[in-house]
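Below is one structure, written out as structure tokens, with a few remarks after it.
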Amino acid sequence: MAYNINEKGYYGEFGGAYIPEMLYPNVEELRQNYLKIMAEPSFKAEFDQLLKDYVGRPSPLYLAKRLSKKYNTKIYLKREDLNHTGAHKVNNTIGQILMAQRLGKTRIIAETGAGQHGVATATVCALMGMECIVYMGEIDIARQAPNVARMKMLGAKVVPALSGSRTLKDATNEAIRDWINNPVDTHYIIGSVVGPHPYPDMVARFQAVVSEEIQWQLKEKEGTTKPNYVVACVGGGSNAAGAFYHYLEDTSVKLIAVEAAGKGIHSGESAATSVLGREGIIHGSKTLLMQTNDGQITEPYSISAGLDYPGVGPMHAHLYKTGRAEFMSITDDEAMNAGLELSQLEGIIPAIETSHSLAIFDQKKFKPDDIVIINLSGRGDKDLNNYIDYFKL
Amino acid sequence: MNRINKKLQEDKKLLSIYFSAGYPNLNDTASIIQKLEESGVDMIEIGLPFSDPLADGPTIQESSTQALKNGMTTNLLFNQLATIRETVTIPLIIMGYFNPMLQYGVEAFCKKCKETGIDGLIIPDLPVDVYNEQYKSIFEKHGLINVFLITPQTRIERINFIDSISNGFIYMVSSASVTGSKSGFGDEQTNYFERISKMNLSNPQIVGFGISNNETFTQATKHAKGAIIGSAFIKHLTKNGVTNIDFFINKITSIRKSKFKKA
Amino acid sequence: MAYNINEKGYYGEFGGAYIPEMLYPNVEELRQNYLKIMAEPSFKAEFDQLLKDYVGRPSPLYLAKRLSKKYNTKIYLKREDLNHTGAHKVNNTIGQILMAQRLGKTRIIAETGAGQHGVATATVCALMGMECIVYMGEIDIARQAPNVARMKMLGAKVVPALSGSRTLKDATNEAIRDWINNPVDTHYIIGSVVGPHPYPDMVARFQAVVSEEIQWQLKEKEGTTKPNYVVACVGGGSNAAGAFYHYLEDTSVKLIAVEAAGKGIHSGESAATSVLGREGIIHGSKTLLMQTNDGQITEPYSISAGLDYPGVGPMHAHLYKTGRAEFMSITDDEAMNAGLELSQLEGIIPAIETSHSLAIFDQKKFKPDDIVIINLSGRGDKDLNNYIDYFKL
Amino acid sequence: MNRINKKLQEDKKLLSIYFSAGYPNLNDTASIIQKLEESGVDMIEIGLPFSDPLADGPTIQESSTQALKNGMTTNLLFNQLATIRETVTIPLIIMGYFNPMLQYGVEAFCKKCKETGIDGLIIPDLPVDVYNEQYKSIFEKHGLINVFLITPQTRIERINFIDSISNGFIYMVSSASVTGSKSGFGDEQTNYFERISKMNLSNPQIVGFGISNNETFTQATKHAKGAIIGSAFIKHLTKNGVTNIDFFINKITSIRKSKFKKA
């Protein structure tokens, strides 16, 4: 069984590039060049150097002793929260800005949910002196104010998406519209493993540095490259794709993808795509998505802006369909409590997205000698107001 | 012969109108179609509303959203159109995004189109190769013409390929942009229209995006077989409802008559 | 000439332990044990492991190309902003919490200005499961709200200091009062190279990891361990102490300490201690401080909460007096503009404290082949509101 | 013989009162001193206000802040005390933090104390060894007694050392705490008082911190030579100004009289 992408741009039956003709030249140019460019030694060198000197990689693999003790298993945290800008998102934006430069693009657009991808994009645009426009749902602008402020400081223009649920899905629509209108000079930096091929694969490859590092870091600490479990939350799925990447074909390593159940999977306010979704097309990709019988995309809900998305990337649709990954759903309340717990047990305030991954320990028991790696996809600075309000601290 | 092909043989510049089904009111669909035919329009694109119409500008997007709020569904559209062929003979095209059709079932959807008297489909996010490999035979089996888009950025080889698998017309996007976003055409567009015209494709071209009045219609159809008006017509509907449609259309066709008679 | 501390706890004529008898047992216990404990292999191992796996060290040494180009010299940024919790402060709190454990303490107190030290202390307390009380001036609580929220999330108690200027100095007074009241179970984690001996030396040693890393990192990049200049801002002086440490006795490396001039050195609203201060005693240490003729400590002012302190650590008093370091003063306006400049040229939003260091390039010209290292002491997340308000973004 | 030493020889438990100079009003200093003497107090600590009194609790701290706001300075204090010896004979001690003295010049400060008739100094943040090495001779030259503090945490050897360099009394901090922060003494304090008493130090001990009324005064002086009241007296001043000082003092000394006469 193959879990990674095939030469046609599909993960099993999922993927492809269901795009309007207006996007074809851009997407095709990217498709034809991305692997070639990524393989160029000068690209690799610049990418690696920026990840090291600018982003601060490798991110540590940290044995969380007090958390491990509490749940009687061995929990390692992959510290993507320590990356420059505070989440895994920057691994991808560094890669894509270098890609955009090599494709001769001068203007960058992006969508963002939690704002982490927007900040990471604004950051690399400042670094390279490129114009940057970030689309962000009006609701997300309100609930992730610190990240909006950061984007502005970095010189990016933040454009509110006012349609639909005014969250990530709609910001993505707006970004695609912008790209359609600016097909020559503009590169669209998609922030997750979603969108038309080759985006899911390209983003996964940029994020794959996460599992590449886990392998040698775990070897150093435990004498094996293989954990028993790798756990990651799934909005679009990029942090999970990165954490799973080098383990995809090795089924001795179990993969757990954690989705946002919002106020409860069947409450009508949820973003648990694997349970609630069906096959269909969203943002240029054939995948699982939440939709009406009629094929209208449903407005999702999660307290976490980064998981508040009605689809998942095609890789994850495939991992779900094949059973390669176990999918779990975590409610707002469970996530918030897990976020507080990590803060007070380990001194690490996680992003609310990440808190979903941390909440699985109340649902699933692990063996004392299991090695469980949680991809700590981001820090919670952007979520402080939400935590404070929620817990009335 | 498919009504579209027949229409394309007529010796005039064609005016095609787009509107979102279920807008402004849920059950306006049939009467808008009838009034458009009465006004002398040549072809109609009936928009099947979608929640996330990523190739559309704000005007069409909002009309889609409103149509969905009004209760528009795929089934309902087919119901509204069930007896349309009793009253109109104009070529009818459904334009919509792929996901609702996929959920309906592509084969079922095509079958229903045929039964209803729909002549063709425009599906902006159904890629040429996916169509060609997976759906072409189904479309053909039901006598449906599938219309592909080209843009100023589309390469010659690709245009030729699209021409080779088309059997109606080519939807020539005036400029790379979502619907409704530019006003008036500059040299760039004119050169593009001329360039495509000189390719002598086997399918005629109809221009869409950015046509809002007689001036842009005239420019667009100088080198092309026809042009499609979308956002401008939706704006008319927003303002006037289903009234005065002939007035809106006449502003364009009167010019067409006076101008192109000479040609 | 010796620039580091002598065996009596003095830097030249500065330093010592001018403390009430109530503090004597605690300070003396620390004085007698700190070097011994720091030399223990188990201490070193735990300290190093936490710095690596938890804090994310080494922090990169990043060549800022666009900034270098603008000022026509070679500027490296030492990325302490990438540390867990976002500033250099955590190097010290990790060290001190391990110290406190070995001294058998169970309760931790701290003062904080910008909140970075408070957060870093709350963090290590959560990590070790210790009670944590942080004193913070009422004004600073208002202007560094994100850090207050973080401390609460981490389970710390934040106590407002209501006396005096209601800033860092007063928070320090309150912390000392707490320590006097709790002399047995409590360790006071001072956040800078201030306070009675051995604090300045202990904190400097914990921060010395910064210049230790600079040495080998620069060697890797430039083939030499020695930059021409090392630049750091000075509130109490801990990030400067860390960045200067291994270069103190090597006068071929020039040291630049940057102080906050507030609204202008002689505006009456300033914190430029080296210019405005005289020798005296503050918080248990003989050093330079801003004071009236009568020996009353002056209320300082800076837009930056972390530099808003009327003294400097005794090491810096000595570096100033001996001329070993050049002292420069940067106003609020200059700092804010330098902060925006770095954000937009390099995609790094610095703490306003750090922005002071970055502002020297308009005052001082460097040669094109000079290697200038700026200690990027912290990230600006805590300061976003201030930046946004200031620039009306 | 220094007035302090003389007073310490008296066969009674001593009551010492602390207040901040310049509080409640800038020029209350002399009259407070006079009234305290008239009320039968044995010794007075005149607080030289400091901006950052880190060993003081809120009450004394606030009185210091107010005194500074009122305009209190070191020079002004010496001016206010310039003719004090014309009216009072009671031992006078200046209690203050080291920095203002350092800025005045330690030698100049001591000289001025001598001229004014000050008998001793309590400087909480002047460490024993710094005093011993750098300032002892200056203090002695001007006949000033320097008073050191000990706390429940002070080790025996250190107490002995402090005793050896003291020439007046030892300020025994009742519990490790800033002024004014505890109310009433428990077993811990009582044991501590007794323990120190049994050391038979050459300098008598006077207890400070936490003494606010006759009960705590009695407890404190069971094993010690005397006790100092600070915060409680400041609170009296805050409430009453310089009036009724005798009333406040009598509440303590009456007890002392009735109680210790028996002893």
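A, B, C and D label the chains in the order they appear, each numbered from 1.
To be clear about the criterion, a contact is a pair of C-beta atoms (placed from the backbone, for glycine too) under 8 Å apart; a residue touches a chain by one contact, two chains touch by 3 or more.
Values in this document were obtained by computation on a predicted structure and should not be read as measured data.
Undergrad: Over the chains that touch one another, what is the least number of steps taking subunit A to subunit D?
TA: Each step joins two touching chains, and the minimum needed here is 2.
Undergrad: On a CA-centroid basis, which chain has its centre farthest from subunit C's?
TA: The most distant chain relative to subunit C turns out to be B.
Undergrad: How big is the gap, in whole Å, between where the Cα atoms of subunit B centre and where those of subunit D centre?
TA: Roughly 97 Å, centre to centre.
Undergrad: Using mean C-alpha positions as chain centres, tell me how far subunit A is from subunit B in Å, no decimals.
TA: The mean C-alpha positions of subunit A and subunit B differ by 37 Å.
Undergrad: In whole angstrom, how far does the Cα centroid of subunit B sit from the Cα centroid of subunit C?
TA: 67
Undergrad: Using the contact definition from the top, classify how the chains connect: line, ring, star, complete or other.
TA: Graph shape here is a line: each chain touches the next, no loop.
Undergrad: State which pairs of chains touch, listing all of them.
TA: Here the touching pairs of chains are A-B, A-C, C-D.
Undergrad: Of all residues in subunit A, which touch subunit C in the complex?
TA: So the residues of subunit A in touch with subunit C come to 52-54, 56, 59-63, 66, 79, 81-84, 86, 122-127, 129, 146, 149-150, 152-155, 340, 343-349, 380-381, 384-385, 387-388, 391, 393.
Undergrad: For a test of understanding, state which residues of subunit B touch subunit A in their complex under the given definition.
TA: 50-57, 61-62, 65, 68, 73-75, 97-104, 124-128, 130, 148-151, 153-155, 158, 173, 176-178, 181
Undergrad: Enumerate the contact residues on subunit A facing subunit B in the complex.
TA: It is residues 16-22, 24-25, 163-164, 169-170, 173, 176-177, 180-184, 278-284, 291, 293-297 of subunit A that touch subunit B.
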